[in-house]
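Both complexes below contain chain A, partnered by chain B and then by chain C.
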Partner chain A sequence: MSFTISSEISNKVAILTLGGSLDSSSASDFQSEIQKVAGESPSEMVLQVSELTFMASAGLRMIVFAKQKLGPSVQIYLVKPQDQIIDTLQMTGFIHSVHIVDKYPV
Partner chain B sequence: MAESNFDTRIDYYPTHEHEGIKYRRGHVLPFGATMVPNGVNFSIYSSAAISCTLVLFEKGADQPYAEITFPEEFRIGNTYSMIVFDLDFETLEYGYRMDGPFEPEAGHRFDKTKILSDPYAKAIGGRDKWLAPPNWDNIYPHRSRLVFEDFDWESDMPLETPIEDLIVYEGHVRGFTQHESSGVKNKGTFAGIREKIPYLLDLGINCLELMPIYEFDEYEHSKTNPETGELLINYWGYSTLNFFAPKSGYAATGKFGMQVDELKTLIKDLHKNGIEVLLDVVFNHTAEGDHRGPTISFKGIDNNTYYMLTPEGYYFNFSGTGNTLNCNHPVVRSMVLDCLRYWASEYHIDGFRFDLAAILGRAQDGSPLNNPPLLESLAHDPVLAKCKLIAEAWDAGGLYQVGSFPAYGRWAEWNGKYRDTIRRFLKGEEGLIGELSQRLQGSPDLYSTRGTAAGINFITCHDGFTLYDLFSYNEKHNEANGENNNDGNNDNFSWNCGCEGETDDAGINILRHRQIKNALSILMVSQGIPMILMGDEMGRTKYGNNNTYCHDNDLNWLNWSLIDKNADIYYFARHIINFRRNHAVLRNRDHFRNADYKGTGYPDISFHGTQAWNADWSESSRVLAIMLDGGHAKNGYATDDTVYFAINMHWEALPFELPHLPQDKSWYVSVNTDMPSPYDFHELNNEPVLENQYSCILGPRSVVILLGK
Partner chain C sequence: METQTQTITYTASLDVLEPIRELLTQTGQEVGLNKKQTYGLCLAVDEIATNVIRHGYDEAGITDGKFDLIIEKNENQLAVTIVDEGRPFNPLEHNLPTEEDLSMPLEERPIGGLGVMMARQSVDEFNYEFSENHNKNIFIVKFSNEIKE
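For the complex of A and B:
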């Protein structure tokens, strides 16, 4: 399933909606979107990922990239990730970079 | 410098093109495949190839999508290097074809029909999931891959725990949690170990030594047991495919190619909890076997460099597995050094245990060297400077160097003599008191100038009986290995306590449990670094099999329900481990002086027997007591309680006269293995005072530990 992404900024909160499969070929799209919203200096970043079915290594790294790009004070929320993505985040330690939530605002 | 200035570097752009693949001259160093801006730099060495071709695959594809022969102008000396642009880091698999002579008598075995794995690959595909059925027709079964080396370690660094303070736990990644009873989500994986960190903390160990985790092929030499029909495999993993790549099948995320991140996350969490990580590394041989073995990597890249060869071009076999890595060839030496530096820096590994390390001290013709350059290089390497370096100081070619391993003031070694002496003493052999006292003191007879920390004390390890089996079997029972019980060591110094194998005899079972507690007690009060085998703390059995290298089943999977079945052993093990951690007097780095150099009125160590101050060193003696003066703890740099431990391996109870303490101190009881659980030990800092301060009865085959405070 191909990767889809859209973004908006609302009240200084960057909301990115991701769908499909995030792998090395689509990671650059994700990166571009992160860079775009980072330019607006958001106070929080929200990733709507309930429709995201797979996240490969390169995709996971984009979360760390976002963390570094936005700075340590900007919290990143992952809304409703699928179980397999949570497992992968846990086992590879990337989970420490994000908050897993069922809805946003929390 | 602004980011855009980097983009103007002309070496970020290709100069050549082959079937749509763009590339240019590469950088010679580092060897391997390295991500660079816009592409990947490939570099490989071969001293005798006449040409080299880079072979590129899409992940899992049957056939390569491109083959690019290195232009002659890309060769510098004996190295070939090239940058290839626009590759997908995640889905790329690569290898090499080397063209050159096939002249075995001259040491050359080039075969350009084979696709060869990169010796410096950081990940290897092909065995992504443990024991998944391979495609046996795969033209390139063990494929080199790229990894991201951008793990977020935060503030983590190797722990640098003083070596004398370590308590090592030797475990197998799969065996630790694969059993159903482990209760973890991701059984048999790095992530599974991570779930068990609270258990390791509860037990009290502070160092986890992992049996080989470099990529290996579990299917190597796999066969079916003719009697049971069971598949026998290369379970332990002492046969390396690649020295830089972690075993993918040990990672729950291996199927996604994220084994590197999963392993690093485990190490980071172990460090957070104060637990060091040692790797058992196998540099003595590879998985390519002898002249009949497969050509996977080294054999086809530069056979003459990587292996020790006989004058006729066959393989020296000092490892007992078919070939011997040519460790003291300068190129191989560099590879070993690069590899260990990589693991120390990229994975924050705290130290290494070198399998059959005596081989690392052999010259290219197999003869032992007086001043082996590899061992010297490792000892003095700046990156490895704080890593523990531990040798298994023997090999299968008969070189036995326990006590004489070239140490350069850095190397420690598995103390095989400790294991044998303690086993023989525990089974009741006489004439051992002199040697026993050396072992309990940190083997000053072996390590007179190297200190107590030169010796890793162990009674059991992956090779041989478990501690439970040591007291349950007189003979090995290796029939399940399919070799007619001919494999495995015959010199086990074991004693079955009266019945071979499992029994309902309550007296025998009580004695077995007591002997296990005796063994654990002796190990934990000995100077030197103690190592316990996974599961010995809960009475693990392998049913008398002393060589379970090939079993992916209950023989190797830790059954966690043993904690309940043998609760007395587990509680005792936990106590005695924490007793050691709590008492600095047990953890000197330098040897005792047999003198009162602190003016406490007592020597740092004194020897006793059934009479205080008068140890029985006679041939028929089976008793020894040792008092360690708390005023001389840590070689006089710390203060501790005084520890007195008495060992009676006689079959009858004996009274031990106790040395007098200063008037303001009394003897307190920490351990008495003759007592039934829960009276066999007393909680730390809650020990009861000994009723009779002048004498103590030691039951038959038992250990008592007292504290003077």
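For the complex of A and C:
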């Protein structure tokens, strides 16, 4: 399934909704969207990922990019990631650096 | 059941990653892999194919590159091999991120090697061979290890 992304800023919170497959071919779309919301200096970033079916390491690199771009104090939330994506976050230690939640606001 | 072999040739472009995942998902379902095994195979092949396309061909200045995907199935396992003529690269000799790297704050951690680590950990066996000027990255999923979900 091809990758889809949209974003909005609401009360200083950047909400990005991701769907389909995030691989090295589609990661640049994610990067553009991060750059777009970074311009608004959000205080938190929420990734709605319940419809994200695949995420390669290129997607993880973009989470690092977001952290660097927004600053280390900006917390990143992943809302409802699928099991296989949680496995990847666990395998790579990313699980300790992002918040996995069932809904946002928590 | 004898080994059944299928070979497909792809152009070395990131556009082929999605069709490859679709083919492997279909194959995984046909041979009865569970969702976790099928996803792991797709992830592993995706990571190494990305490296082959990016580093093996693009960065080496090789245009019009191609690679083969060989799918072999028998009663015990599904094996997928990427055969390419790009720059030689052995993922087994690649330094993997250490425990220390993986526990660092995201904005500080070195990001190299993640894809190779994910590839190696997402299938039952991962092997690499270099012969007759070809890289061969081999991914094996064993049916006997199947975890019922």
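In this text, the second predicted complex is superposed on the first by the 106 of 106 C-alpha atoms of A that agree within 3 Å, B and C clash if a C-alpha of one lies under 4 Å from a C-alpha of the other, contacts with A are read in each partner's own complex, and residues count from 1 in each chain.
The rule we apply is simple: a residue touches a chain if its C-beta (ideal position, glycine included) is under 8 Å from a C-beta of that chain, and two chains touch if they have at least 3 such contacts.
The structure displayed is predicted, hence computed values, not measured ones.
*Asks:* Check whether A:94 is in contact with chain B, with chain C, with both or with neither, and answer first, second, both or neither.
*Replies:* After superposing on A, A:94 lies in contact with both chain B and chain C.
*Asks:* Please indicate which partner A:72 is in contact with in the superposed arrangement: first for chain B, second for chain C, both, or neither.
*Replies:* second
*Asks:* With both structures fitted on chain A, tell me whether chain B or chain C touches more of chain A's residues.
*Replies:* C
*Asks:* Of the partners chain B and chain C, which touch A:7 in the superposed model: first, second, both, neither?
*Replies:* neither
*Asks:* Where does A:56 make contact in the superposed view: on chain B (first), on chain C (second), on both, or on neither?
*Replies:* both
*Asks:* With both complexes overlaid on chain A, does A:48 touch chain B (first), chain C (second), both or neither?
*Replies:* neither
*Asks:* State whether A:25 touches chain B only (first), chain C only (second), both chains, or neither.
*Replies:* Touch partners of A:25: chain B and chain C.
*Asks:* Let me test your reading of the model: by the given contact rule, A:17 touches which partner, first (chain B), second (chain C), both or neither?
*Replies:* Neither partner.
*Asks:* Under the contact definition given at the top, report the residues of chain A touching chain B in one complex and chain C in the other.
*Replies:* 23-25, 56-58, 60-61, 64, 87-88, 91-94, 96-97
*Asks:* Which positions of chain B touch chain A when the two form their complex?
*Replies:* 88-91, 148, 150-152, 185-186, 189-191, 194, 251-253, 256-258, 261-262, 264-265, 268-269
*Asks:* Inside the complex, what are the residues of chain C that reach chain A?
*Replies:* These residues of chain C touch chain A: 14-15, 17-18, 21, 35-36, 39-40, 42-43, 46-47, 50, 54, 97, 102-103, 105-107, 109, 111, 114-115, 117-118, 121.
*Asks:* Once bound in the complex, which stretches of chain A touch chain C?
*Replies:* Interface residues on chain A, with respect to chain C: 2, 21, 23-25, 54, 56-58, 60-61, 63-64, 67-68, 72, 83-84, 87-88, 91-94, 96-98.
*Asks:* Considering only the defined contacts, which chain A positions touch chain B in the complex?
*Replies:* 23-25, 56-58, 60-61, 64, 87-88, 90-94, 96-97
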